[in-house]
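Going in written order, the chains are labelled A, B, C and D, and every chain counts its residues from 1.
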Amino acid sequence: METPSSWRDRLYVIVFQTDTVAGRRFDTILLLIILASLVVVVLDSIDEVHQHYANLLAIIEWGFTAVFLIEYLVRLYCSPKPLRYAFSFYGLVDLLAILPGIIAIYYSDAQFLMMIRVIRMLRIFRVLKLAPYLKQAHYLLAALQGSKQKIIVFLLSVSTLVTVFGTLMYVIEGPEHGYTSIPKGIYWAIVTLTTVGYGDIVPKTPLGQVLSSLVMITGYSIIAVPTGIFTAELANAMRGEQLKHDCPTCRKSSHEHGAAFCSRCGNVLFKKVE
Amino acid sequence: METPSSWRDRLYVIVFQTDTVAGRRFDTILLLIILASLVVVVLDSIDEVHQHYANLLAIIEWGFTAVFLIEYLVRLYCSPKPLRYAFSFYGLVDLLAILPGIIAIYYSDAQFLMMIRVIRMLRIFRVLKLAPYLKQAHYLLAALQGSKQKIIVFLLSVSTLVTVFGTLMYVIEGPEHGYTSIPKGIYWAIVTLTTVGYGDIVPKTPLGQVLSSLVMITGYSIIAVPTGIFTAELANAMRGEQLKHDCPTCRKSSHEHGAAFCSRCGNVLFKKVE
Amino acid sequence: METPSSWRDRLYVIVFQTDTVAGRRFDTILLLIILASLVVVVLDSIDEVHQHYANLLAIIEWGFTAVFLIEYLVRLYCSPKPLRYAFSFYGLVDLLAILPGIIAIYYSDAQFLMMIRVIRMLRIFRVLKLAPYLKQAHYLLAALQGSKQKIIVFLLSVSTLVTVFGTLMYVIEGPEHGYTSIPKGIYWAIVTLTTVGYGDIVPKTPLGQVLSSLVMITGYSIIAVPTGIFTAELANAMRGEQLKHDCPTCRKSSHEHGAAFCSRCGNVLFKKVE
Amino acid sequence: METPSSWRDRLYVIVFQTDTVAGRRFDTILLLIILASLVVVVLDSIDEVHQHYANLLAIIEWGFTAVFLIEYLVRLYCSPKPLRYAFSFYGLVDLLAILPGIIAIYYSDAQFLMMIRVIRMLRIFRVLKLAPYLKQAHYLLAALQGSKQKIIVFLLSVSTLVTVFGTLMYVIEGPEHGYTSIPKGIYWAIVTLTTVGYGDIVPKTPLGQVLSSLVMITGYSIIAVPTGIFTAELANAMRGEQLKHDCPTCRKSSHEHGAAFCSRCGNVLFKKVE
């Protein structure tokens, strides 16, 4: 048997890290438990299931709470800085995961508890980092990063559009056709511009139908904008990655895929075979 | 204290320009006031709010009118060519911003006033130029500029499609299924082609359903066209910007990113290190 | 005055061609008349307008018929091969444009006539060739041409998908939830897959909702396919056009934009300045 | 007459392969029969048709079953390893094609039989390999292959989003507005995020409408992600294919279209003409 300190260190590696086999196994098991607890919440929300298996589900829920409580205590125990962990984002999420069971003893508003129980799902993101897929997500994130500002410009324009169109429709159609206020008009404009089209509020007057046709065609056309932004950035991210080699002359660090010469100074990037 | 003329000049810089700290601060405050006035209009349109706080909102509205009136007078005062300003686009929008309050004294059709009050929102565009984001919007505008003619061709084709399909549906389905006129048929065709799909008018006859399936698949497929146009243009705009360097031989001014040689004459773009 | 033959030739140039000023003016006027006749049909389909202005619209319609009749006779007269013109696609469309008026004398089914009157709209395409925009449409057509086969593969897959999903939903949901037959199920699958979502037929059973969720996510994801195809082709078409220059060594005729060397044989494309 | 073995071999080539004229003809005929049997199923599902032509359709169905039975026996006979064929995927599908007719003798649940009869459609994929279009599908499959992992990351994120949003809406709107359980909320979230928007369940509370506006704009924006992924991959696949030539120095096998030099070692890819 090892010294307690070393034992804590080993536990720390298993619980907090994902580089070792044991660490990855721990994360996989935790992922399955979180998913199972999620399935229980989902089942519990179905009326027929709730009426027949309420007790069973409550017991299972107690089990999950116990597991998460133990996990939380282990994390507190083996963390080198327990307080910093306790107040970190994931520390609070981990605490939230055990709260519903504890709150349920004194207070039993199903709705309110359910919300907290679903927040547990956020823990999936902590565990998912084990997935090799997240390495693949690198390109997507790089592309999103690169297009962030353009996307904000786009969202600002969309916001202005839906406000103007929503108000116009409120004035044109009026409360008698369901456009009871400007926020409702904006809601309609978002439903229409994004081409969702619930049909709960629809234009009835000819002028309103002309205007909403305009909104639809706008929405149909400007979807090209985020798509174009993201595609161009992603193509860049995918191309950019393929050749990271310092130019021996001017030190420019990234070059286009297939570049024979540095794009800045025109000197050869690779020594030729004489 | 300085001469009046210099005082007016300074005011002009603050009120009309955005290069100085004071100018940017002025624009930020104006932006907040415009947004606040917009929030008031939106709140006023909600029935419950209107019934309880009508007086309060009216007073706040009076305040905004006063602020915009003062701003308008200041702009008139410090503008080097007041008349030219007064009849410029933004001059008229600025005037519109104070009109609702003045009209409301003699005349009180809420709907009509609300429309004018929302037009105030157009003033946001004047102010938004301070945002550093608009520099990012450069690419988007360049791409839109480049694809303008192609987009017009696309919109013309879409217009023809919806007219033909709308008429066909009017003939096939007829008034008894909600297609009471050709414009209504065109409205339906737009709702369907843009994949909005309200469901307020739907095909009932088998032939109508076959035709509308055709419209849907068309709409689903041709959304690729604006997207493709914009993506290709945006990729061009983003690539094109990276290498603006005159070819020393033929003076071609823009070259592909990563180009070692001029694409027109084949001579080296950058002097090599011997 | 010139010889009749030369007079006919001149008329032919004006009526059939678009290279001369007179020819373009003729086409513009014809375009306006066609659009006006279209507006009359559209107005006529609106019940209120029809009840009040039926006689007026009928007279205007007679005028259009007269104009199109004269145009048709002129075309027949000045065409070098009248019979070949009469049986060509546009010749038949031109004939269709005058038919409604003639049929209306003996027979008066409004619906049937309206259909023919709208087919007149096809004549717009004959006239539109004058638009300089059609030159811009070149890229779009090139891209569509290039992606034709891929689009067919895509449409075949979509057809298979909607047939399978439509049948499954017919079996799962059954006639009591609106899925009265397999064609209806296919119609639902198309409405869902294309993200139109009318909501006239919706899944009611849990299994049906799971399946339709699958259809929706499929539809949401595979829209990337036509978009990707078209974007890639359009980018190719736009890039490809910029460098059409025979390689002096291997005669390969088209090269990538910015290519310094022939991509096939590696020899320089342009003579260098020594 | 040839030896039985050679006769079986020839039959094998016709029935299982598509390289010969006879093999392609066999596949075309089989494709038509499958499509015809599908049309019969579809027609049979329409109530009016079923009531009038039930007997006729049943006889035709018997004919198809006979044809498929003969085909299955021929395949078993000429296959070099009959058992391996019988238990292969396509072998089971072929068996399924004749099952409905046999089951129908003892048991006659129309719904259940119809499901099996439609599974016959899977046989189309076996036959479709004859289409020259499938060669064109190569790019599409290559692009899908390349983007598979990214698409999975995307679908995982979408799943998380719809679960969280679905639960939130269940808590906010509650059963009285149609959100009777979390799965129903998730179903709503999918309907909204994919911009399908049936309108069978819609938010009624202001908070719910704000949240669903968020979902819509999210769905409207992130459609850019699969599109961007696929477009970038497809552009890669189309570009990559154009130059497959081993670099004579470093043996790198694929090069960018238009590359004059190897992108890895910088040596010329093609021997120059001196």
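We take it that a contact is a pair of C-beta atoms (placed from the backbone, for glycine too) under 8 Å apart; a residue touches a chain by one contact, two chains touch by 3 or more.
From a predicted model like this one, the values you see are computed outputs, not experimental measurements.
> If you tally contacting C-beta pairs, which pair wins, B-D or B-C?
So, comparing the two chain pairs, more contacts are at B-C.
> Since chain A and chain B are copies of the same chain sequence, what is the angle of the rotation superposing the Cα atoms of one on the other, rounded to the nearest 5°?
90
> If you average the CA atoms of chain B and of chain C, how many Å lie between those two points?
Centre-to-centre distance between chain B and chain C: 29 Å.
> Starting from the mean Cα coordinates of chain B and chain D, work out the distance between those two points in Å.
About 41 Å, centre to centre.
> Two or more other chains in contact with one residue: find those residues in chain C.
In chain C, residues 183, 186, 195-199, 219, 223, 227, 229, 231, 235, 258-260 touch at least two other chains, as defined above.
> Could you tell me which shape the graph of touching chains takes: line, ring, star, complete or other?
Topology of the interface graph: complete, with all chain pairs in contact.
> If we count contacts the way the header does, which residues on chain D are in touch with chain B in the complex?
Touching chain B: residues 195-199, 227, 231 of chain D.
> Help me check something: in the complex, which residues belonging to chain C touch chain B?
So the residues of chain C in touch with chain B come to 38, 41-42, 45-47, 111, 114-115, 118, 121, 124-125, 128, 133-134, 136-137, 139-140, 143, 151, 155, 158, 183-184, 186-187, 190-191, 193-200, 219, 223, 226-227, 229-231, 233-235, 238, 242-243, 257-260, 268-273.
> Considering the complex alone, what residue numbers of chain B touch chain C?
It is residues 149-150, 152-154, 156, 160, 163-164, 167-168, 170-171, 174-175, 180-183, 185-186, 192, 195-199, 202, 206, 209, 213, 216-217, 219-221, 223-225, 227-229, 231-232, 235-236, 249, 255-256, 258-267 of chain B that touch chain C.
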